[in-house]
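I've put the structures underneath this note.
Presented sequentially are two complexes of chain A, the first with chain B as partner and the second with chain C.
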Partner chain A sequence: MTSGAMPHDSGPHGPEPYDLVVVGGGPAGVAGALTAALAGLRVALVDSGPRLGGQYFRHPAVPGRAAGLDRFLRQARALDARADVLLRHQVWAASREPDGDLLIHCATRHAAAPTRYAATPTPNPSATLRDAGAMRRDGGAMREQAGATHRDAAAAAGGAAGAGREERAVVLRARRLLIATGAHDRPLPFPGWDLPGVLTAGGAQALLKGGGVVAGRRIVVSGTGPFLLPVASGLAGAGARVLGVYEANGGLGLARHPLLALGKAGEVAGYAAALARHRVPYRTRQAVVAAHGEREVEAVTVARLDRDWNVTATHVVECDTLAVGYGFVPQIELGTQLGCQTRHDVDGSPVLTVDATLRTTVPGVWAAGEPVGVGGWRLAELEGRLAGRAIAADARTAGIHGTARTFRTAGTAATSGIASTADTSGIASTADTSGIASTADTSGIAGALPTVDAEPSGAPATSGVPATGADVGGARAAGAGVGGGGVVAVVPPVFARRRERWRAFGEALQRAYPVKPGWQGWLRDDTLVCRCEEVPLARVREAQALGATDARSVKLLARPGMGWCQGRICGYAVSCLAGEQPQPPRRPIAQPVTLGALASLAAPDDHPAH
Partner chain B sequence: MTFHITVDGRPVPVVPGQTIGAALHAAGVRSWRTTRFGGRPRGLFCGIGVCFDCLISVNGRPPERACLLEAEPGDEVSTA
Partner chain C sequence: MSDVIVVGAGVVGAACAYYAARAGLDVTVIDRGPVAGGTTGSGEGNVLVSDKEPGPELELAVLSNRLWRSLAELGGFEFEPKGGLVVAETEEVQRQLTELAGKQGVEHTLVPAQELRSFEPHLAEGLAGGVYYPQDAQVQPMLAAATLLRHGADSFGHGTLRLRLGATVTGFLRSGDRVTGVRTTQGDVLGDAVVNAAGTWGGEVAALAGAHLPVLPRRGFILVTEPLREPLIRHKVYTAAYVTNVASDSAGLETSAVVEGTPAGTVLIGASRERVGFDRTTSVPVLARLAEQAVALFPALRDVRAIRSYCGFRPYCPDHLPVIGADPRVPGLYHACGHEGAGIGLAPATGHLLAQLLAGERPDLDLHPFRPDRFPAAEEAA
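Up next, the complex of A and B:
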């Protein structure tokens, strides 16, 4: 009768843990959660955003048309009918209980979010009409409409001013965790990069996709990587004047874009046509190396670069907005908090080590999508599905082996508000054949899984796992984790091959768009390296002169990375300046959390606790 | 169908579902706080809740990320 979110509820009939908690509501997380839910597992998915979608499928309250979005939304609705979808929940930590269960610590300002009192909820007097309208109650489980239609209808009807947005803690107990936390932009510092009007490429894209807001009128796009193309064509298509796309790498131009060699001719042609239609110049071996302005960006310096990104010539372009991005940083701190092994991806980014079934080196913890290596949404979705299958197999194995913890079957799941798999056919009929219909067969596969028992669940599968990104070999690494026949049952060869191909594609793109060291020459002594703590280059150099030879010592002496963002924005740059590869994050808290939210955990008798 | 929030006493239109940050940006308000040491203006940067540049106090509450916080009718913010 409860959402299962109350590990501290110590009543004799306390809620059972979820079979799976998924963190991240993008393509990987939704695919993984849906696959596992269809197999009969009791699943919760947590995301910080107001709607499912992550970055790629970010969409406004009333979704428009975008490639793949309809299909994603069908998956999201199917998931919403079968799992607890907790939106607007920031996960700030994951930990292991002595009994082996995982605790997923969240904070939320959502007035109607499940609390430990969800079974007999106390109506929050400050909850808005809009919040009330957003929640449904099915058999006691609290759900939120993934498609957001409920919510928007209520919002349109007129919500009250939100006063109920104090942050509260919500803790989910889970037998298994799927980390599908995606990635964020990887910026490089340059003079003026902290001026308002300078956005990350992903930030400009998020404004457009999520809020329907065009970031500016006269926009320059710069950085490196294929992501600049959709950002520029999206902005131009939405009415902005895009004055140029400046790609620091690749001296070949769009006509010989690396995507072409990777079988993406159609995609490149689409972007090229969009940019040509709006007369947007695409310049390679050029980049914005400085932004100028008083209170906002008013102009940028565009430089011609040599192969190592040293400046050979410059000119100034007047603009009101700059969108800039140099690749992505996978978000892996939940994995490192739990002790998951990491490796360096092709571009040097620390990513979580996984086997062919997407299992990390820590028992009960899987990861899919960008946290195991940046490769785009199609790969992320495929990996989510594969992880979902592996997790379902693991749950089934646990049930078969009659461990103290019974695997919650579809039948019992129904009693807790989770739809049973009996209506799986309904899903297949609401989905297109390429997407959900094939995930729907997971339950069948999971049902045939007695062969997957070669190893106890979660035995670290490190021996066969590639140590470097150069070896894609997920399938080859598989044998280490699950018995031979089991791997095939969980990851059919066709999926393994597809994953290997797309992973190779992602790695090829990383190789085609490296960050070259010349960018360090763009900085002046007073250029901020760390935006939060306002640490200029001079202070970093000073720390190095004092003997700080590695990024961690630089951080301790000069404080870059010790502010609000915890080094997410400047961490890569500081590592480069210190002459080392970026190290895995050591953040005991993945998201800032208010003391009030923590206090709400410590005061079980108060509601709300502050 | 839009509603309004109040920015420095001035109404700013919001499309339901928009964040405070998106609404401000759309209204041409691109910075709303200054940094502790240098007093430098800040607004949206990463746009997805990572950088914390866009912190803003809504209705007198402690600062929150404008890029994540959905605007609600009657919200009052100050850029001072």
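Up next, the complex of A and C:
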């Protein structure tokens, strides 16, 4: 379907469902959608952003900057010609119809996609009022902007294209769903983290887009994990003065990890060289444990840490911006809404359980990329492709791929063309050193600039560096799957092995860069744990004293996680404070949706009698 | 050895424990989860007199309303005596509401159509009128339950009220016919009396003692909006259909608009009732209908975002009355459950009356309508 085309169907009671709806337009989603579309399936891809790319690739196209980006752009163009791409659509729920079809519930304010790739549904003639993008704002931003900005953060978020439109509901009916919703930043609270000028590592990349905004800033980068490196080198390259990168763990002992074996040495060396070129100090076993300032960040306390992250010494560094990142939280709520089984990843994050074909435990639902375990964009893309193959095989088996269409390719050649081209191009090329630095995301985050920014959207926010990912035992990658067409046919051994390697690598990274419990000692009684609801540590402790024995009851008694971000920002910390592993999210409304849009879904014949 | 074991740390169990401790009894509260982890934590916090038909439940509600006001003075939780406004869509409904209000005999004000907006400036046009009930209130139920337990433990002597969380009751201890305690996953707990305040799971607890108690779940969804800067809605506002749905026997989905603001700035939107067992799967059609009804009542809500939703399982009995009192079939066993959607509102009266029973006093209200053995035996019912 070319730009401007009507999507196949935007009503829940439409005549024919999509063979596949993909949620998330990052590497996993695009690869999965394209693979399935090339196999002849009727595919729609939905993403909340103004363009495809997810957190990693979503930025104004600057072709040639990264091998991975070039390939992604080719895939995105190819997808646009073969599928309905619905951008600026927030997916807030997925549900199962009695007949077995899946409904993907979206909300959008945009009638036409002002992107180079794709179109959204035709305008709603009754549309009036207001703009989009507010969902891309985090709870902290809400608070900072005094609650008013959910009406006008739009300009920052989505551009002018959709200005003045009322949000409306769009429902996609699908035989199958691929969840490729990525991950969002995982911050930890510390005194002063609610000050303007404190960003997540992912939020800091948004600064890069601003160009002039970044140049001249004095930035400190802190947290744990290899993602800090591209963030720091990107900021330095954009003209910021990066005063230091503080890695709370043991740091770049990457030689010990399978990184070199994967040929990623060039990537790391590239970041290291960039940091050295800009004279950026890289310090391990140190972290920012407090931020100071009257109205915004003026200085931070950097602490030396022992192995458990207890503070052993401190010094103060003056700066005006702080970027922190302690890993990523996979976005899995669409899966949990549908009842998909979850497991705990190496770092404790709940992720969706999948088999070797990326199929979840719920029929018709697949997941790829970070939602099945944080592992970076390369793994995400591979998994997207594998899921696409499995979905195509499933459609073949079911024979319900749409009577009016025939397969473009037949039999095992279901994935052809670009998908196979991709096999040999970008993936083998490992020196994507520039890619991450250019992944700034303009949408929405710019409006939330003074605060830590998480990405509560449906779009992926993958780590730039392949960053972890446990496996469902080796079984997932080893081919012990349940694909309808047989795993061997669906997942060629070469892909299975590659996936296994990358998963193992991701897992090694999670082990090398854990979050250690000592951070809880950085907090004071008045340190906000939940910024949306302004819940200080003391209130969490009171709730526990009152009989809250788990994170959920802490939330019920003290309100952390009840605000805008729905616990995306504070959920991990609250779980740690409550002494339990993070539980699978219960978010029946995955993204905010206006009551007007929601009300429009009420079936006329459902009206109560009164 | 406690005088009383209360099974269930929801708001009803907390009230039973609080009043029992206040009456001088030693109390142990047992819950398999945290405080307020069940239905208490998944409702709206209604303290209503307006939605009750004249009769025993209304008497209970009026007593409870008074008790909530004095409990609120303990502090530690939000109690908002905001009043409730029941609105009528048609003249006929307004006539019925007026008639009901006359029979209830509780404080109220008839509100003609042209005066509705002086109560609620953002109400939709075209409503036929309403009835305002100043006694209706809202309470933050989780903190209220936790606070009652805390006060029960702190105020009446050391060791008077103990809390054992994370312990699941697996059976009853007996001496002859008489219940002498409970078995739990964390060992046996001895007590002179056991109060079943297990809410929606009260039937299961009763069954452990061999007593039939038909408490079943009725699922309700609530929508929560983003926090509003300015309060849009001042009272608890609901349509007349809510009153009829509360007492309905229908197994199918019923919804009626119940809309109100909270101190946190959010707007809570209910209410739906369905009998679907303990199924937590979110129903988009139910959420859509709740939104539609709320927008119909308050058009300004159209552009407000829902940011979350939750559901709970209201414990209902076939006659929609709670079960309060001693179980004549099992000496030593008392019940305080089955309050359906009114458990928050009715908790203090329930606890107060049960504590009177436990202390050997004559209860302030006749508990006969709430007696545990009023239901046909399971076989007959089937």
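We adopt the following convention: the second predicted complex is superposed on the first by the 421 of 610 C-alpha atoms of A that agree within 3 Å, B and C clash if a C-alpha of one lies under 4 Å from a C-alpha of the other, contacts with A are read in each partner's own complex, and residues count from 1 in each chain.
Note that in this section contacts are C-beta pairs under 8 Å (C-beta built on N, C-alpha and C of every residue); 3 or more make two chains touch, one makes a residue touch a chain.
Keep in mind it's a predicted model, so treat the numbers as computed, not measured.
Student: Classify the contacts of A:L595 with the two partner chains as first (chain B alone), second (chain C alone), both, or neither.
Tutor: Only chain C is touched by A:L595; chain B is not.
Student: Check the residue A:D194 against both partner chains and state whether it touches chain B (first), chain C (second), both, or neither.
Tutor: So A:D194 only meets chain B here.
Student: Of the two partner chains, chain B (first) and chain C (second), which one does A:L557 touch, if any: first, second, both, or neither?
Tutor: Only chain C is touched by A:L557; chain B is not.
Student: Report for A:E97: first if it touches chain B alone, second if chain C alone, otherwise both or neither.
Tutor: The answer is neither, since A:E97 touches no partner chain.
Student: For A:A204, decide between first (touching chain B), second (touching chain C), both and neither.
Tutor: first
Student: Just chain B (first), just chain C (second), both, or neither: which does A:R531 touch?
Tutor: first
Student: For A:D70, using the defined touch cut-off, is the partner it touches chain B, chain C, both, or neither? Pick first, second, both or neither.
Tutor: After superposing on A, A:D70 lies clear of both chain B and chain C.
Student: Figure out whether A:E296 sits in contact with chain B (first) or chain C (second), or with both, or with neither.
Tutor: A:E296 sits against chain B, while chain C stays out of touch.
Student: Taking the superposition as given, does A:D308 touch the first partner, chain B, the second, chain C, both, or neither?
Tutor: After superposition on chain A, A:D308 lies in contact with neither partner.
Student: Output the chain A positions appearing in both contact lists, the one against chain B and the one against chain C.
Tutor: Common interface on chain A, chain B vs chain C: 130, 148, 166, 563-564, 592, 594.
Student: For the complex, which residues does chain A have touching chain C?
Tutor: Those residues of chain A that touch chain C are 93, 95, 103, 105, 129-130, 134, 146-148, 150, 166-167, 337, 339, 533, 543, 546-550, 552-553, 556-557, 559, 562-564, 566, 586-589, 592-596, 598-603, 606-608, 610.
Student: Would you tell me which residues of chain A are touching chain B in their complex?
Tutor: Residues in contact with chain B: 48-51, 55, 60-62, 109, 128, 130, 148, 152, 155-156, 158-163, 165-166, 184-185, 187, 194-200, 202-207, 210-213, 215, 295-296, 531-532, 534, 563-565, 568-569, 592, 594.
Student: Inside the complex, what are the residues of chain B that reach chain A?
Tutor: Listed in rising order, the residues of chain B that touch chain A are 1, 15-19, 21-23, 25-26, 30-31, 35-38, 40-53, 55, 58-59, 61-62, 64, 67-70, 72-75.
Student: Using the touch definition up top, name the residues of chain C that touch chain A in the complex.
Tutor: Per the stated touch rule, the residues are 9, 33-37, 41, 89, 93, 142-143, 146-147, 149-150, 163, 165-166, 223-229, 239-241, 244, 254-256, 264-265, 269, 281-285, 287-289, 291-295, 301-311.
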